[in-house]
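Below you'll find a set of structures to go through.
Both of the next two complexes hold chain A, though its partner changes from chain B to chain C.
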Partner chain A sequence: MLTYVIRRVLSTIPLLIGAMYLVHVGVSATSDPLASLRLCLPRCQEGYDRVVEIYELDRSIWVRPFAWFGDAIRGDFGKSEALGEPVGNVLLERGLNTAMMAIPAFLISALLAVLLSVYSARRQYSKTDYVLTGFSFLGLALPTFFVGLVLQVFWGVWFPQWTGMKPFYTGSMRTGSVLELLQSITLPVLTLVIVSVAAESRFGRANMLEIISSDYVRTARAKGLSESRVIWKHALRNAMIPLVTLWALDFAALLSGSVITETIFSWPGLGPAFVIALTKPDLDLVMGITILAAVIAIVFNLIADLLYGWLDPRIRFD
Partner chain B sequence: MRQRMRFARLGAIVAAGALVLAACGGSDDETGSGSSGEGCGGSGTLVWAHEQEPGDLHLDDPENGLTITAWIRTGMWEGLFGVSSKTEFYPRLLAGEPEVVTADDGSVTVNYTLREGLKWSDGDDLTADDVKYTYDMVMAKDAADEYIYLLSDRTGLDTITAFTVTSPTQFSVTWSAFFAGWKALFGEVHPMHVFPADPAEAAAAENDALRTWNQGGTVLPSSGPLVFSEWNKGVSMSLVCNPEYHGSTSPDAVNTGKALVDGVQINFVPDTDAQINALKSGEADIIMTQPQLAFEEFGTNEEFTVASSAGPVYEHWGLNLFNTHLKKPEVREALALAMDKGDVMEGLYTPLFGDSLPAEGLGNVYWMSNQGDYSDATTEAGYGQGDIAAAKAKLESAGYVLGDDGIYAHPTDGVLSLRVGTTGGNKLRELQQQLLQAKFKEAGIDIVIYNQPGGEYWGAQPFNEEALKCANSGGKEGDCNVWDIAQFAWVGGPWPGGQSGVLRTGSGNNIYGFANAEFDAKADECDATIDDAERAACYNELNLYAVTLQKDAQTGLFMLPITQKPSFYAVSATRLASFGVAPDANNAGPLLNVADFKKN
Partner chain C sequence: MTFLLDVKGLNVRFRTEFGLVHAVNEVSFSVSKGETLAVVGESGSGKSVTALALMRLLDRTALIDGEASFEGVNLFTMSEKEMQKIRGARIGMIFQDPMTALNPVFTVGDQIAEVVLIHRDCTKQEAKTRAIEMMGLVGIPDSRRRVDQYPHEFSGGMRQRAMIAMAIANSPSLLIADEPTTALDVTVQAQVMEVIRSVQESIGLTVMLITHDLGLVAGFADRIQVMYAGQLVETAERDRIFYETRNPYTRALLDSIPSQLGVPGTELKTIGGNPPSLLSPPPGCLFQPRCVHATEDCRMTRPELKSVGQNHLSRCLRSSDLGVLR
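Entry: the complex of A and B
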């Protein structure tokens, strides 16, 4: 197991370096940090020269990534010119804000996905299954920004008009008290849950249907095990293996910043920071967020691989 | 059955949680109140939801060239002159119009008098020494060469030969020659007492302090109605009422005392739909969003008030004078004749903004339609009215022949097809392009829309290095075919002489390739004209070079002004008892007249 983990970690290093190189070259080739400065030349000549120096714009785009790598290895990810802070600080602060939203969203959607998968699979083609299937398709069809805006209008405008109560804030992270935080985090989390659970529950239902009609489940039932034991102990574990892959990808994506949800709810996470970085363009911040996203993706894929072995002991890490 | 019970229990827990939150939830008025200074406010905190967040508060940091930075600072630091909603100067920290004295050697001395009783928010007096300090600090170039560009433009300051403080409220400034933009100088006066006495050290200190609005652990004092309080990056910024504020002299201001609100909280809401929802849900009192998204909705709702005005930013089509077709004056004139600005106004702007913009569009690139000295030179020349027959006649006089496809072609220069580019994604501009494209097709001119994303457009098209080389070398160097027509905005203002900077021969911003020694001399003459009325008329003459062929029959008419960019804001009529003057005529944002905002 340890050898497997070490091998996996080592094998990701060239992948990470390659990805970083391509991102750096790609962003450099498609962005022009001097665009706005050209408008105020010659007044801004000194500023112009400064930006040329910061981003080494006088060098070839194929060579520029190496200087960035050199600094990054020493722990210096540069300074975000767009946000006026070191990239390390931005990643930490914004990353924590994103995690604050992503972790509950992931846990709730994972839990709901499992429950709904089991329920729908056990009562296939029942009225409830049709209703849940309908909602899942609706969740899959609706774009995230639409779900977010509808929740804002419903809870921020309509519900207070009908009831005189306004339980949730429709935007901005508020940290005045735990209650305020809950009030401001609920709608973005709900948006992510609605979008995530739709896909996960469909996926889980399909897996569960396949498993509960397999021979070993029939054998378990024939042995006289209770239905709940058959489902929750024997069937679910196997049905979860493909779901774990999906969760690893989803959770990694959530932790890397949900651009749309965070933007709509003015949540100061990594998503809006990434948009700012790309539009400025702020190359150091783009690189910082990209490397973080890459590391998170690699780590969660590794965790998913390890979970396969726990869920199904037949899987070996040779 | 047990399964159902579990689901029921889960549902009950979720419902109970929701009810607990609902019961303890926010009040209807989410905009609450904040702490206020003595004699300040009392009507609560004004919440402004805005899409942009500055990287820092360093106004001239080229990496932070966001309008919001200036808008925030205008509520905190005042200058000698302010700009009214008519885009005209008014004495802000000054007691009145200064005296201008000319000497025989051509030098000009202005004698200023500050208002009595001016104070910084920390209680220190604001005096003429603060103005002198601002000048010295900005001019400390040699000692602070590496960052001084951040602090201020030195145009007009670099020809000052003497700066004499005669009393705490009186000082004189002498220029070697008249500088027409003298009222635009000292738009902010900096607090001398919190920075080092040595100008170079002060410049270094300010370079750091302006980023966080903090010097040595203390918030920078304000001379405006608001004082910086707190900045929660990515979320909001709070400004509180200045208890020492000396009051506004703006001709637009109704309240000339301290702010009526306890402070302003700026919530950074990047999504425009979310801004609208914030206003509707009571989490914001004011928004300045894309007007086309919200204007109609709020304009018909009694709970909200919308206001719009003609701002100093104007849209135009700039023509590349080195393009094979556009180098012919007949082709440029055909474009000017065929362009139907009334159609654009009627289709896009008038339904939203009513009569705040002229129905015939803009006809001047020096003076804007809301300024007293504006004259519509393009309408007078018969341009901008969709005169298709006249446009065709012009093209035919230049040897163009109408093809079977309805597009003109020149025997040697080929089909009259021109690319127009702008920053992609700007819906209003794109619709404008499409409307004009249809009209030009009627005139036999093929317009190809060639937009690129905002960040890329400038460097790829009008400000492309090779294109600028072409423009500045008279077409001898670089690449003259990078772009044909550029659609973008320039910013006007109360002193339009700055506009000449983009039209002078060889100027770095002269993308058009216009080079006319007579124009350059005239621009110098205008800027040297002391009499305001004469100078205004002189700028109107300069305008004729850019938008008509009257002054330069060969290379004139290379700018086709379309319209001023309207500015707009929506406020909650139920939560605000009063609000400041319509929005952004001076590009200063809603905080300029923040003292007029009052919450219910």
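Entry: the complex of A and C
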């Protein structure tokens, strides 16, 4: 088991390096930090030379990533030009803000997805099932920005007096009270929940339906188990196995920053920072966020694989 | 004489988008304590549906009526809660495909112990001990170690033994075996039947064996009942079915058994045609289109189940003029 984990982690290193290299080359090739300086050239020759030196622009874009690797290994991810802070600090602070939103959003949507898929599968083709199916298709079809804007307008602008929810995040993370935090975090979390639960419950329902009609569920009933024990013990554990993959992907995506939701609600997370970094472009910040997202994706894939082994004894890692 | 199970006028219909499918029609039969009743018929004859209806394991699209009295109570009128106390405790059931009938994510031991735990007042340890004991009884070698293994570590025959262990762990009075050997190799089939027989002797079990394999039935059943298109067509003591066959369908089934003494090169006998649609059954005898003895009358009149001898019933208009079929 431990050997498996170590082997898995080590095997992702070449993948990570390859990905980093391509991102670095790609961003370098499509951006030119010297564009504005070149316009005033004879006058600002000194500044021009400094930028060339800092970013090693005199060297080929194919070798430039190696300098970045050298620094990154020593824990120096460079400085974000756009935000005026070391990239490490930006990632930590904004990463925590993103996690603050991603963790509740994930937990709520995972729980809801399980409950809804069990309910829909047990009452297939009932009125409630049709209504839930309708809403989940709606959730799948509506773009995130639209869901976010509707919630914002409805709860935050038209009827703020009902719940006191805020359409935008305004205060500071550190100084605000818990109530203030809840008021500004509820709507973005709700947006993320609506969007992810739609997909997860569709998938969960399909799994559950297949398992409810399987032979071993019939065996469980023939043993005289109560319906709730049949569903929550015998069927659910099997239905969770494919859901785990989807959850791992969803949670990893949420933790790497939800660009649209965070931007709409002005949440100071990784998402808006990534947009800023790309539009500048701020090469060090792009690299920092990319590597964080890659690490998160790898970690969650590993967690999903380990969960498989725990849920399904047919998958072993010896 | 009192019966362990007495079924009267069982009808099972399924609601489908095309209308009602009459899967089981007016089936009445009884099983006495300790005997082995074999229910024989081709696919779609309603034999499995009969068994699942008795266990109330059919889904919501099934409409069941009739009466099934088991140990003095009617299985069809009791609440679901009461029925749960019967399933796995008083009636055990095993299924066709042992490869899929066990839950892949729990150990075999847990699955056997579970049925003991929910029906008896005992500790987990006692339930596990009972599971090991049951696994030994059905001939799973090294049961103390195998109790902690998962179904995928068992072969097909061993899984079916585990299913039997699960079904009899609470010493039920009735075991319903729904095609227990169909998915197994021929050599393993014999072993599994031997396990059922030895368990039957050791705990005094009544067995209702559902199968399409008359060869299997020959060495095992006390009484045989033959079903066709959701109806009972013939029922009698085993030997009467084999040697004093009165129903043309039973005869055709017997003739389809490949003979090991047959002349090489002769074609296997089959029953031509297909069973009728149970959505809108034709008038007259349901077997008539495939029957070699059919007359004009058979097309118009639906035959009744009639006594043709001692405890021998047959559903055929011509049973008196055809006599014993050979």
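Convention: the second predicted complex is superposed on the first by the 292 of 318 C-alpha atoms of A that agree within 3 Å, B and C clash if a C-alpha of one lies under 4 Å from a C-alpha of the other, contacts with A are read in each partner's own complex, and residues count from 1 in each chain.
Heads up, the rule we're going with is that a contact is a pair of C-beta atoms (placed from the backbone, for glycine too) under 8 Å apart; a residue touches a chain by one contact, two chains touch by 3 or more.
The shown structure was predicted, so the numbers you read here are calculated from the model rather than taken from an experiment.
Legend: residue contacts after superposition of the two complexes on their common chain; A:V23 is shown touching neither chain B nor chain C. One of chain B and chain C touches more residues of chain A, and that partner is B. Judged by the touch definition given at the top, the superposed model places A:I194 against neither chain B nor chain C. In the overlay built on the shared chain, the residue A:H234 is in contact with chain C alone; chain B does not reach it.
Shared-chain residue A:P167: touches chain B; no touch with chain C. With both structures placed on the common chain, the touch criterion links A:G156 to chain B but leaves chain C unconnected.
Interface residues of chain B, counted against chain A in their complex, comprise 2-3, 7, 10, 18, 21-28, 30, 49, 55-56, 61-65, 145-146, 148-150, 153, 155, 211, 233-236, 267-271, 273-274, 277-278, 280-283, 454-460, 463, 468, 508-509.
The residues of chain C lying in touch with chain A in their complex are 55, 57, 59, 80, 84-89, 92-93, 95, 97, 100-107, 114-115, 118-119, 150, 152, 163, 166-167.
Considering their complex, residues 213-216, 218-227, 229, 234, 237-238, 311-314 of chain A touch chain C.
Chain A meets chain B in the complex at residues 30-32, 34-48, 50-51, 80-85, 93-94, 97, 115, 119, 145, 148-149, 152-153, 156-157, 160, 163-173, 179, 182-183, 186, 228, 263-266, 268, 272-273, 275, 279-281.
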